[in-house]
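Alright, structures below, take your time with them.
In the two complexes that follow, subunit A is the common piece, with subunit B as its partner first and subunit C second.
Showing the complex of A and B:
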């Protein structure tokens, strides 16, 4: 920044970085970015390298040149892993599909309507969000157990739908807050019912938001560990739990665990590459 | 086409009244403008007529029908919004067709109606575009088109020009007038801009604090304001107000303030009842505040000091100090040389004197 622009923007003169010479500022920027990259990219790199090493070499990932894809083949040879992937995929997809219906409408209600029902609903999900997540697990286990749905799809699906609704209704409310309601008023006058205005005008305008929400919901369930650990057994094992089972009495099979972790990262990476525009919008709210 | 009648309508938000006992009749094909400062209830009134809000009391009639309980879609109205409210995910054509399709109109008829509206509004080349690709003025035209194609009984306008820049606003104002000549529909138009109110309205209703202060033609409102609020709200530069008393001296009536004394014309003799110690407000518009010794028919003059001058080219605005107040005079010859603090003689055009009760603000006649 030159002296002239600094004079135009009086506030910027107080920034700490301005005490440095331009070269120093660049160095600071590079160092900061480097540190951030290292912090986030480093573990991923270590994970990928580990997944490509033979079992005896995982503790020396920076040495040696022995690489193999054997780990991936071995992981996929295990039926439990394949099942876990299928389970997680099905669960994440179903939970997203079922929850979206409620999330969208409840977000819309919170954004557009006042009165006792929206207030109560708001209080309910607020409560759910403020209570520590972990404290819901044990009661949910008991509920599942007494309903006889422990270790079934339904037993894990329902809690996930509930979490989606509570967590993502707020995000959906934020999206609808950003959509001008007068468009819906125009639709009401143009011959729509309240439902019609929602379905034909508000909903199509919210498609980008809904896409972002669907991705967030899906990834949430795909990545979720705690419910999967407590509420599922052998029948409906999820990837996050199955992955942890490479920790055995004989030691941790780091190479296999890494291979599975890399595979599990796949959807997240794909989403980041292809739909980041939507996801960023979702995270900003 | 239809009359619109608002009878004693009221709207409460919780315990807060937004509209209070409002009576207003709009004749068939009449264009009525609701004008007032923000928060005066004018937009709420429009939304009550549209059915976007429910009335708390009173009756709204469109034509012969009481529409209090009807949803907006059954009221046979069309509305233009301040921010256009076009359906962002549809093309202009689909925006225009939306209302007709909802009424199960055939596509052939829809095509004709849209062609007609597009021709009237000059938007024929925009039909395939999406709203976000249009300028503000173009979007406003599409919003008008959406109303025209439906042939509703009533047009409602909610500050349709306030999002446009000054030049475009003036242009669209003229277009709206032209549009009215081609399509005469009963219309209610809400604005906070008194110029729009004066230029567009067959009649103007000035609102304040949820109540209508005065309804009348633009000239009636301008020339015979019912109270101090209407007098001050309509007109730019705004009307001057002076606190005066009326003095009855030898059969003549004088408006008196410290350092200020002018004769009240004899045709205002009815004001004699208010003479004495009663505090009154004298209102006079800038164009009736005259520079120089009064003409004989203009009664008496008074002394003032020049405070500021504003050169507008076509006229000069002059601010003078008199009777402890700043009075604005307009339509002064722009070539006039006036130095600040110079003493000047001023007079008031007797036709332009308005008197208001100092306590209630009601006009005294």
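Showing the complex of A and C:
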């Protein structure tokens, strides 16, 4: 096989790859992998480097070797930042607990039953999954305001549960579809109630998948921006919004903003490194 | 004129009818309704009711400084649908972003999925690294991109200067700014396509590939004739979901350009937000939000029909 025939037949990628010497293929692979790593890790690395630079050395990032952790200390010295971290943590945890609690049963129903009720519910979920967030978060501002829950935990928690209902019911249905229902039928025949069959038989088998979804749900809430921007004020400010506010009349304080961004990235990095297997299982459609 | 006694009669008859209907439902149906009741309650209270309130507000003259809310009918709709910014900037931007990000993430994600389907040293490292953009907040991703592409001090600007281009201010122009928005979105979503397609690739049966190998089919031919047709349903669902979500993109655009320069990179969500919270016109903002929702509902329906015809995803 010569390089010339490989060039004549553009459809034969394998032969073209064979035409390159083994060393050449290796080099190609290394180059590709290097480019991928650079592309996907680059922006995060730039953020980390910037967060470790003193304020005056942020510009012209490629020069100088002055590094400091001062930015992190300065960011943490601000009560607003600490407050935002606590808020986001509490909200993400509560939203995960409640949205999973509400959607486990809904997904189970979609998976196990046929007929007009599941069909209607499934149609509703599809429909509201499609409606853009802004279309119901704008008026939600008025709802929160008139209910007196604007800028409280409840006022941001309930919309977060609502936004997860469609998506998670759908995913939960997939989880339960993967579990053989014959054990539940056996339990029903043996005199178990429907609730018993669900809670004691189906639910325990779904726990690994639900754990994966719990991790994702926590991160989605932690990362969320639009709801936080519209539905929170000083009391319940979230990290994403607080981070976007490191802009003063002198311009953006990139060193502080980066430090905050790196801190806010923490959970995502932990999950990526340590819970990768679970998360990839949860990232289904 | 009905007497009070007769009204009571009607009421009790109605209550009896309802009770009979509920018992007629049977315990299976009651169990089904009970399972979805909490989810349905939250959905109605915090998604359906706000949409109705928004629809009501969209017919009214309702500003922060004029909260009377006089009924003005379709005036806001007429205004938005004849607003040149909405028609010739916002809508094209929204659909361009939707199309570009879905198409590019799909192609790049497919390539990455094939790469990760091989085993090579460093496989796990690559998989970890590409998961990162999916896990970090879009706001953080956008912030780091804004810094990377800063036209004075960013790494890219420094590199371009080093290569020999002079000082450029691409953030002051429409298309370079919009390109950065698209790039950021592709950066965030390529891994999603890659990981889902990788899972799909791994679940494909091996026999067709072995048969193709015996018939000496090339890699590209195997891909177009075997892999792609078998992956069609997954690709169809991915494209549909991503398109719907791409239509409502807000975070990245807001952080990267804020819709600027001079509203030239505004997308639908930004437009509705700006009308409501910057121009403080609740009526007009709500109308914009409703128009956008209707547009994506129609587009998603058409896409669903088309994709279903091509791939039978409803099977």
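Going forward, the second predicted complex is superposed on the first by the 249 of 285 C-alpha atoms of A that agree within 3 Å, B and C clash if a C-alpha of one lies under 4 Å from a C-alpha of the other, contacts with A are read in each partner's own complex, and residues count from 1 in each chain.
The criterion applied here is as follows: contacts are C-beta pairs under 8 Å (C-beta built on N, C-alpha and C of every residue); 3 or more make two chains touch, one makes a residue touch a chain.
These numbers were taken from a predicted model, which means no experiment stands behind them.
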Quick one: on subunit A, after the overlay, do subunit B and subunit C clash, or do they fit? Just give me the call.
fit
Tell me which partner A:47 touches in the superposition: subunit B (first), subunit C (second), both or neither.
second
With the two structures laid over each other on chain A, which partner does A:190 touch: subunit B (first), subunit C (second), both, or neither?
first
To the nearest 10 degrees, give me the subunit B-subunit A-subunit C angle using C-alpha centres.
90
Could you say whether A:263 touches subunit B, subunit C, both of them, or neither, answering first, second, both or neither?
neither
Would you sort A:182 into first (subunit B), second (subunit C), both or neither based on which partner it touches?
first
In the superposition, subunit B vs subunit C on subunit A residues touched:
C
Could you look at A:154 and tell me whether it touches subunit B, subunit C, both or neither (first, second, both, neither)?
neither
Which superposed partner A:94 touches (first subunit B, second subunit C, both, neither)
neither
Check the superposed model and tell me the shortest C-alpha distance between subunit B and subunit C, rounded to whole Å.
11
In the complex of these two chains, what residues of subunit A are touching subunit C?
9-15, 17, 29, 32-33, 36-37, 39-44, 46-47, 50, 58-62, 101-103, 105-106, 108-109, 113, 117-118, 121, 124, 127-140, 142-143, 158-159, 161-163, 165-166, 169, 194-195, 198, 219, 222-226, 229-230, 240, 243-244, 254, 257-258, 261, 264-265, 268-269, 271-273, 276, 279-280, 283-285
Quick one: in the complex, what on subunit B touches subunit A?
50-52, 71-73, 75, 77-79, 81-83, 85-89, 98-99, 102-103, 146, 150
Note which residues of subunit A are touching subunit B in the complex, please.
180, 182-183, 185-193, 196, 201, 204-205, 207
Residues of subunit C that touch subunit A when the two form their complex
27-29, 31-36, 38-40, 42-43, 45-51, 53-54, 57, 112, 115, 120, 122, 125-141, 143-145, 147-148, 152-153, 155, 158, 187, 191-192, 195-196, 199, 218-221, 234, 237-238, 241, 244, 247-248, 250-251, 254-255, 268-269, 272-273, 276-277, 282, 285-286, 289-290, 292-293, 296-297, 300
